[in-house]
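Handing you a structure now.
Chain nomenclature is as follows: A, B, C, D, E, F, G and H, assigned in order of appearance, with residue numbering initiated at 1 for each chain independently.
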Amino acid sequence: MDKFIIGSREVKSRLLVGTGKYKDFNQTAEAIQMSGAEIVTVAIRRTNIGQNEQEPSLLDFISPEEYTYLPNTAGCYSADEAVRTLRLARELLDGHNLVKLEVLGDAETLYPNIVETIEAAKILVKDGFEVMVYTSDDPIVAKKLEDIGCVSIMPLASLIGSGMGILNPWNLEIILKNSKVPVIVDAGVGTASDAVIAMELGCDGILMNTAIAAAKNPVLMAAAMKKAVESGREAYLAGRMPKKLYTASASSPTTGLIK
Amino acid sequence: MDKFIIGSREVKSRLLVGTGKYKDFNQTAEAIQMSGAEIVTVAIRRTNIGQNEQEPSLLDFISPEEYTYLPNTAGCYSADEAVRTLRLARELLDGHNLVKLEVLGDAETLYPNIVETIEAAKILVKDGFEVMVYTSDDPIVAKKLEDIGCVSIMPLASLIGSGMGILNPWNLEIILKNSKVPVIVDAGVGTASDAVIAMELGCDGILMNTAIAAAKNPVLMAAAMKKAVESGREAYLAGRMPKKLYTASASSPTTGLIK
Amino acid sequence: MDKFIIGSREVKSRLLVGTGKYKDFNQTAEAIQMSGAEIVTVAIRRTNIGQNEQEPSLLDFISPEEYTYLPNTAGCYSADEAVRTLRLARELLDGHNLVKLEVLGDAETLYPNIVETIEAAKILVKDGFEVMVYTSDDPIVAKKLEDIGCVSIMPLASLIGSGMGILNPWNLEIILKNSKVPVIVDAGVGTASDAVIAMELGCDGILMNTAIAAAKNPVLMAAAMKKAVESGREAYLAGRMPKKLYTASASSPTTGLIK
Amino acid sequence: MDKFIIGSREVKSRLLVGTGKYKDFNQTAEAIQMSGAEIVTVAIRRTNIGQNEQEPSLLDFISPEEYTYLPNTAGCYSADEAVRTLRLARELLDGHNLVKLEVLGDAETLYPNIVETIEAAKILVKDGFEVMVYTSDDPIVAKKLEDIGCVSIMPLASLIGSGMGILNPWNLEIILKNSKVPVIVDAGVGTASDAVIAMELGCDGILMNTAIAAAKNPVLMAAAMKKAVESGREAYLAGRMPKKLYTASASSPTTGLIK
Amino acid sequence: MNIVINGELKVVDENKILNLQDLVESLKLTNKRFALERNGEIVAKSQLPNEKLNEGDKFEIVGAVGGG
Amino acid sequence: MNIVINGELKVVDENKILNLQDLVESLKLTNKRFALERNGEIVAKSQLPNEKLNEGDKFEIVGAVGGG
Amino acid sequence: MNIVINGELKVVDENKILNLQDLVESLKLTNKRFALERNGEIVAKSQLPNEKLNEGDKFEIVGAVGGG
Amino acid sequence: MNIVINGELKVVDENKILNLQDLVESLKLTNKRFALERNGEIVAKSQLPNEKLNEGDKFEIVGAVGGG
């Protein structure tokens, strides 16, 4: 059996999805259901004090009982902010300790700040969190984060929200070769083929948000992504045919031709 | 509804598969069933005269009632051979007139011979065949084959049996833009992501053989390919997010951060 | 010595250039001189009857004594037009028989029409021309054109005027492997690196026009292209280091380090 | 004029070369002279105590008066080792303070260890060195190293000694956009076109060793690389033509054709 | 009494709002998922009734929202 | 009588094998899917009994096999 | 006399322009590089004086221009 | 006297080799480019005559070699 275990949890779907950027909560719920994801990321933000008590919230549409919430630290630019945010998230989610750490380098690229990320990871792991960590495709940093005790390494494929796909599959391959914890591509997937390529490389899963939410038809794209991740995983397990550069090989018999 | 019509037939599956190169007929049958394909290509070869009457044949495993047989002209290097082969195929299959024409240029590359292909297509169309035609990615030739009356244009992605994927998506795009008949990528797909990429470009379907038969686990790869073709089609219909080169875009709100 | 022979001529520069699209004849002359090219293509067009007799012409700036004029058939869409155009060119250039044949497929892509090109090549070779022939990257067609007697095969890298570079190096490699006459990439080069890549593949030369004429600074780009073609040729002859996928190799000694 | 200034030095050649991996010192000298480089890297290693006093050394072939020696820290895996090595180098080279810092992450990939690199850079800059720093293509780290005071940022194109070329030009572009000090690609160039591509992106220079030393003919490859770097720079300054995806553009007039 | 909630100054009646539980109720958060930090330190929900409100307290009160 | 089937010379007894239907039966192809070309011309299965066998006839008899 | 040059109708004086050399001179092409096709057939420059002009002749007269 | 040079134990005659300049001369490095570190601290070449040799000193003596 093809088990997928993150920290202390076993998960069925290798597709993890974000909950941002949708038109409305109905679309969020429909797309996420279609995606088959079990783990959904959420951001932690100041409550809108004084708002209408009846105003719907994400939790009414994506039940925390049905889905595993994965609070992230999107928007944090220092280890300190990230740690505080995730401690609040743990309180908010009744002690839930599986979190996604990301510490960003600048607002223009949202590229991770590796030095701060390493700092935050050390603190959070000591503090009992199961840390899934967004990082660059630097294989030395990925190994260090694993050594610190992160339960999943989440390298970017390309910039958050860029949809550029996997820009450097070679670095990903080095990370995959060296990693004993799940490697989940986080950020940069733009369409279904990007997801398949990542899974064919041997990635354990994929986290995406914009690729679904910013498609013209997000619900149909969610369906495509579910199949893409499964297809890529199966192709990886099935073992692809070798590439042959210049010698074609006939699929039909080369004898018994009529003359 | 997303209809797929080839000549006078409506087909559900956009994945067409070959029946060559499998370990045995059981594996052929199992992989093809798993692929969900309805149209399967067969080669026409001299009957092995004097063979054991009881020896199993492809038709015992892949029922011509259940599947649509698509006889091909693999191995033919001239218009004349190809035309004779398909006339025999029509007789063999009780008047069945949907055929795949391929006329090869040389045995080393199996690249199509375009001049002979055009000749054969003219004769076959006049003779009442519904011709699906294997061709290069030359958009002028593709248009000419369509004008002659072929019911489907089948450009290569890369050399037959090479598994190199889509080497020139730009030519494919020109062919797709100009074509009114289905464009089905034939040859060169090596793994699931290749299939998804072809479908995302807007191809109407994919014909493959080696990618499934030469995988380490052909049956699992057949499952992957079924999902790949569906995923790619859905992603095409869903409309992917735009690519953004250097400006990342946050999936989480950029306001409401703790201070 | 690294000789470059086209038909009956020995040429020093492996860069051939077009004379179209420049701001004025002065720029044409300056850029072409900077490029170091010896062979320059010209188009054959109706003389502007009744024009000012003193109006300058290309020939006043690019001397037919200093440069080898290569008349082309740009704009021809049939074998017949192309043959008539080149016969006029031969008359125009006092019996000069080295010509560039191109027969186009449509005005939107300027992709070659292979069937008409083959027809024209047969006629022109019989008629005593030394035919350099613009063609697609179809290796079967390239071989046929060589067999007909063309003195140089000129496959496109990508569409004329597109600047997209070499879209399918694999087809080029097949053509190079099979060819005994010079293979000159014609069309699609957009910048210096495109030219280097083509030469590194083993191409014998490059013909370009837009990449120089449509650069912001055509004269400086001409200088860049001269070096690019030479650099690519030298790198091809020098024999590049092997690529190593994942094992780095230190350039400095791995012993003798301080402790 | 197109000036190239590194720290307090103005340099003419944008090609910097290593001195390792050659067959012998004669080949080293010949190749380096052919390359036109002014700055050559050297490694610092334990003197072979007790060796023949007359044994030739690198300095006899590459004169420190003629070339600018750039001592590197190849082989160092910690900030401490790197700092000690460069202090020794400064003493060795009579106070010369222009150095190349590299701190490696592991011996298999030679990928930089960014955390240690940052530490070492801080110490060295404070200590009065002009630090050229080998780093990953992480744009946040590149900016931090510049902010620390490094005089040149030297991101890898791909792994040291791999010859894989520029794997992620997009990250390089972000680094280039943000940098005010020269960006010099260091590591990964495999052949002339890789060098041209890097320069066309806007890199200020290239440092290479294996691409020349491990070519079949290093001296000829050195000549190719000299032209490649110049060609790429000129093409960058000349401003390439725009790429056009699917609409070809004729280089010859579209009117005046014969009828 | 002056306090700061999510970056905004609030004046609260110290006679009505004695502890953090009172504060949370006054903000109508009782039935919502939230987490609360006072002066940089998290206060567990179980401890809200035991924590008195002090002049100048700075609160961050957060919830989960859509994000990727 | 000498004929050629699929490139191989065969000697058949012209007393037993009068027409193409007889030939096909002698080759035990009756229950199989096949198609037959004589001297470059296809003979429809329905016409096999009506077509006499001639000295020197060249036959191609084909079936469908696995192919891509 | 009516002729067509490069797609345009021209009326020429058949008393002055007797042969193709006269025509070319009248067009001031003498010192220019050109080639001439009459009714689809090339006329060599050396033959221009020997070729008479006929009613309805269609000429293509071309030169070399910048092109790629 | 026992010292370590570049990781190797050396026994030197403390009557002959009084200072680091003597050491360097004994190693025939005088005319070569080198740099010297004792116990982790660089000793400038100008200071070599002023620095005495001590039992157990650890030296790194380096030169420039080909590298990339």
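The definition used in the following text is that contacts are C-beta pairs under 8 Å (C-beta built on N, C-alpha and C of every residue); 3 or more make two chains touch, one makes a residue touch a chain.
The structure displayed is predicted, hence computed values, not measured ones.
Chemist: Need the most distant chain from chain H, centre defined as the mean of C-alpha atoms.
Modeler: That would be chain F.
Chemist: Using the touch rule from the top, work out which pair, D-H or A-B, shares more C-beta pairs.
Modeler: Between the two chain pairs, A-B has more contacting C-beta pairs.
Chemist: Looking at C-alpha means, what's the farthest chain from chain A?
Modeler: G
Chemist: Between chain B and chain F, what is the gap in Å from one C-alpha centre to the other?
Modeler: 33
Chemist: Can you check how far apart chain A and chain F are, centre to centre, with Cα atoms defining each centre and the answer in Å?
Modeler: 64
Chemist: Just how far, in Å, is the C-alpha centre of chain G from the one of chain F?
Modeler: Distance between chain centres: 69 Å.
Chemist: Among all residues of chain A, which ones touch two or more of the remaining chains?
Modeler: 18, 20-21, 43-46, 72, 74, 84-85, 88, 109, 111, 160, 164, 170, 174, 209-210, 213, 245-246, 250-253, 256, 258 - these are the residues of chain A that touch more than one other chain.
Chemist: Two or more other chains touching the same residue: where does that happen in chain E?
Modeler: Residues 7, 37, 60, 62, 65-68.
Chemist: Touching chain C in the complex: which residues of chain B?
Modeler: For chain B paired with chain C, touching residues are 105-106, 109, 111-115, 118, 136, 138-141, 143-144, 158, 164, 167-168, 170-171, 174.
Chemist: Could you pull out which chain H residues touch chain C in their complex?
Modeler: Counting only chain H, the residues touching chain C are 7, 37, 60, 62, 65-68.
Chemist: Name, in rising order, each residue of chain E that touches chain A in their complex.
Modeler: Against chain A, the touching part of chain E is residues 5-8, 27-29, 31-37, 40, 42, 44-45, 60-68.
Chemist: What residues on chain A touch chain F, complex-wise?
Modeler: Residue positions touching the partner: 250-253, 256, 258-259.
Chemist: What residues on chain D touch chain H, complex-wise?
Modeler: Interface residues on chain D, with respect to chain H: 17-22, 25, 28, 41-47, 49-50, 53, 57-59, 64, 69, 71-72, 74, 84-85, 87-93, 160, 207-210, 213.
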